[in-house]
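To keep things simple, chains are lettered A, B and C as they appear, and every chain counts its residues starting from 1.
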Amino acid sequence: MAGTRLIAALFGAFLTCFALSVSAAEVRVFAAASLTNALNDIGKLYTERTGNTMVGTYAASSALARQVEQGAPADIFASADLKWMDYMTEHKLVDPQSRFNLLGNTLVLIAPVNSKLGAVDLTDKTDFAALAGDGHIATGNPDSVPVGLYFKQAMERSGQWGKVAPKVAGTDSVRAALVLVERDEAPIGVVYATDAAVSPKVKVIGVFPATLHDPIVYPFAALTSAKPDISQPFLDFLRTPEAKGVFARYGFKIN
Amino acid sequence: MDPTWFTLTPLEREALSLSLLVSGWAVVGSLPFGILFAWLLARRSFPGKTLLDGVIHLPLVLPPVVVGYALLVLFGRRGLLGTPLHDWFGITIAFTWKGAAIASALVAFPLMVRAIRLALEGVDRRLEQAARTLGCGPIQSFFVVTLPLSLPGVLAGVILAFARSLSEFGATITFVSNIPGETRTLPIALYALTQVPGGDAPAFRLCVISVIVAFAALLASEILARRVRERIGG
Amino acid sequence: MLEIDVYRRQGAFALDISLSAGSGVTALFGRSGSGKTSLVNMVAGLAKPDRGRIAIDDRVLFDPAAGIDLPPEARRVGYVFQEHRLFPHLSVRQNLCFGRDRLREAERTVSFDHVVAVLGIEPLLDRRPAGLSGGEKQRVAIGRALLAAPRLLLMDEPLASLDGGRKNELLPFIAGLSRQFTIPILYVSHSMDEVLRLADTLALIEAGRLVVIGSVEEILSSPNYASLTGHGEAGAVISATLAETDSRYGISHLRFPGGVLKVTQIDRPFGTPVRVRIHARDVALALHVPPGLISVRNQIPAVVRSIAPFDDSQIDVMLDCGGAPLWSRITSEAQAELALEPGQAVTALIKSLTITRGDVSDRGNGQTGALPG
C-alpha cells in the first residue's frame, strides 16, 4: 500500500514538471549557430527589460528547419541564409507577415592562431586547394549548412569547386568548423567574420570578396505555431537600438 | 516494381562500400590482437591481469563519443601520437577511412576479446597437454589444437565485432568527422540525412540497407559456426 | 633405464621417490592420491619437482642443479592418459600421425602399418574420434603415443574408464607392447588384476613414498605388503608355463621351478607363461606322503624356510620349492604335533580344485622371484 502511494506521488511530481515548464512566459528561439553569442546576450537584456525569458537553440539553419518540420516546439526561427527561410515559408511553417531581414555578415578564411600562414588576398584566382596543403578545409557541410553553401558558391563561381570539394571537411554547423580550426585539425577553415571574432584561437587570414557569393542575409520570423503575444514582443525587441548595438558589437552588419 | 528500388544511388553505394571497407579492415586488423589478449586472459596469470581486463573492456562501457575524443587527442593532427606520425612518417589518420577503421576496431574490440576468450577457455587444457607430450611446443599446440577447437567462438567474436563496427557512429564522427568517400559510413550518412529537411526517404533506404547487411552478417556467422562445429565433432 | 629421484611438496604430504626402472613393464601401484600420477606427470614434464633428477639412459630430462629442465615436447616420453585425449577435430589417422609428423625422418622408427596392425585399428583410420567406442579410442591413443617413437611410454590407468569387456580386449595388446616395440613402460594402476597380467616389476607407492620395488612375484608373495596390495590373504604368486592339458579330466599342467602344478583346465596355447596364485590356507604340509593313497594331486617337495605365528591359533610357514616361494597356513595345534623346523624337507599338498581359473592369469616373465633373504 505504501509502495503504490509513493509511486503515485512521484508520478504526480513528474507530471507537474511538464506543467511548470509551460506556464512561464518564455519565447523559444531556433537560430543559426553563428548567432549564439549575440542572441544569448540579447536574451539576457530581454529578461531585464520585460521579465520574460528567452530560450535559445542554436544549430545549422538546415538542421533547425528540419527539427521544426518534425514538430520541434519553437516560437521564432532565424536562418543564416534565405534558402532555409524560404523553405520554411513554402512549407507554411513561418508567418510570412512577421518575416524581416535583420543582419548581414562576411565570409572569412581562418587559420589557427599559431599557423605559419600569413594574410592572403582572396580573389577568384586564389588556389584554395593549395592553401589547404595536405590537410582539409573546415567549413559547414556544403550540401546543407549555410556557411558551406556560401563557400561552395564562391568556389563554383571561381571555377575550382571540383578541385576543392575533396578537400572539404564538412561539419554540422559553422561553430563545429571553427572548433576544427581552433584545434588545428584543419589548417584552414571558412566561417563568418563574427565567428572568427569570438575565438582567440584562430586568426582571419583572408576575406572573401562579396561578389563570389550571394549576400549573407539573416532573416527572422515567427513560427505559425507560435502565439503572437509571445513571439511578436521579442521580434520587436530585436529591432531596438539596444539589440542592434549588441549585434554590431559582435561584428554583424545591420540592415 | 520500380527497378530503381533495387539499384543503389551513388551516395548509397559509396556509404555501403565504405562501411564494408572500414569494418572489414577494423576486424582483420584487430583480430591478431584480439586472439593475443584473449589468450593472455584465458591461459596466463600475471600481475595486473585484472587491470588489463578492465582496460580492454573500457570502450564497452564508455560513451563512444568519449572513445572518439580520446582518439582525437592521441591521433589528431596535433595529437600526442598524431604529430610525430605526421612529421616523421607523413602518416595522417584524421579524416581518413583508416581513422574510421581504428575507431570502429577500438569500440568493437571488447566484444571480440570476450567471445574469443570464452571459446579458448572452453578448450580442454588436457588436450594441449597431450599435444605437448607428442612433441608440440606451446605455440604450435595453440595453433594446431587450441585455435581450431575454439574456431566457432572465434568466428562468433569476429562477426560480432564486424556487426558492431558496422554500426559505429559516435567515435567515428568525433574522431574523423563526416568526409564523403573517406569516412561517411552508413550510420554517418544516415545521420547527415536526418539533419537536412527532405532527407527522410534516402535515410530510410540507408536504414534498410544497414539492416540487410547486418542480417547477412549474422546469418553468415551462424552458418559458418555450424559448419565448423560439425567438423570438430564435439 | 629410467632413473627417477624427485622431491615435491604437495598439499598434505611430500612426494619423495627414488627408483630405477629397466626394460619391460614397471607398474606403479598405490591408493588414489598416493602420488602415482604426480610422479608420472613429472617424468613427462607436465609437473615440476621441487628438486631432483630424472634421466632416461644417458639423456637427462630434469636436473635443476645442472640447469636442465626439458619441456615436455623435447623429452620424447610417450603418454597414454586415462581419458584418451584424442583430438576431436582430427581424423584417427591424423591423430595417430600427430606426434610422428613432428619427428625428423630419421627419428620415425616405429612403423605406421605395424602399429595399426597390432592394435587392429585399420578400419577406423578415416573416422573421427567422436564415433568410436571407449576401447577403440584408447587403442588409437596408444597407437598415437607409440608412433611418436618415444624412449619411454607412460600409461596412467589407461583402462580405468573402460568396462570389463573392453579391458579384456585391450590387456593383451598392452601386455605385448613392451616386447613388440622394445620400449620400457611405466604403468600406473590401482588394479592388482592389471598388474598381475601386465607387469614385470612392481613399485608400491604410499603417501608419496616408495614402499618397495621388486618383481611382482616377490612382492605379492611377501606378507609385508599385503595391506597395500590389497592381497590381504597370505599366499604366493608363482611364475609358471602351461605345459599340457588333459581334457579327459579337465586338468592343466603348469610347469614351474618346483615341479608341476595340476590346476583346473585353462584354455590357452601350450607354452603360455602364466602367474598362479596359491592361497596359504589351501596348502597342507606332510612329513611323509605314501604314494597312491592321497586324493591331493599336487604333492610338491619343499624345504621349510621360516615359521611365524599369524595369530594365537594359526602359523604361517614359508617354503622353498626349487626356488619358487610357497606359503602354508596351518593350525598351531598342527605345528605342535609336527614340530616343523627351518631347513626341514616336507611335502606341500595343494588340492588342484583350490587353484581356480581366477587364480591363474596370463603373463609370467619366465623368471621366478628371488626369495626374500
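Just so we're on the same page, a residue touches a chain if its C-beta (ideal position, glycine included) is under 8 Å from a C-beta of that chain, and two chains touch if they have at least 3 such contacts.
Everything quoted here is computed from the prediction, not taken from an experiment.
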For subunit C, the least number of touch steps when starting out from subunit A: 2
Most remote chain, CA-based centroid, reference being subunit B: C
Most central chain, Cα average position: B
Selected pair, greater C-beta contact count between B-C and A-B: B-C
Centre-of-Cα separation between subunit C and subunit A, whole angstrom: 94
Averaged-CA centre spacing for the pair subunit B and subunit A, given as whole angstrom: 37
Approximate Å spacing (C-alpha centroids) for the pair subunit B, subunit C: 58
Subunit C residues touching subunit B - in the complex, by the definition given at the top: 44-46, 71-73, 75-79, 81, 83, 85, 87-89, 98-99, 102-103, 128-130, 144-145, 148
Touch list for subunit B against partner subunit C, complex: 124, 126-127, 129-138, 145, 148-149, 231-234
Contacting residues of subunit A [partner subunit B, same complex]: 60, 62-63, 65-66, 69, 87, 134-136, 141, 143-144, 166, 169-172, 180, 183-186
Interface residues, subunit B side, partner subunit A - complex: 72, 76-78, 92, 94-95, 177-181, 192, 194-197, 199
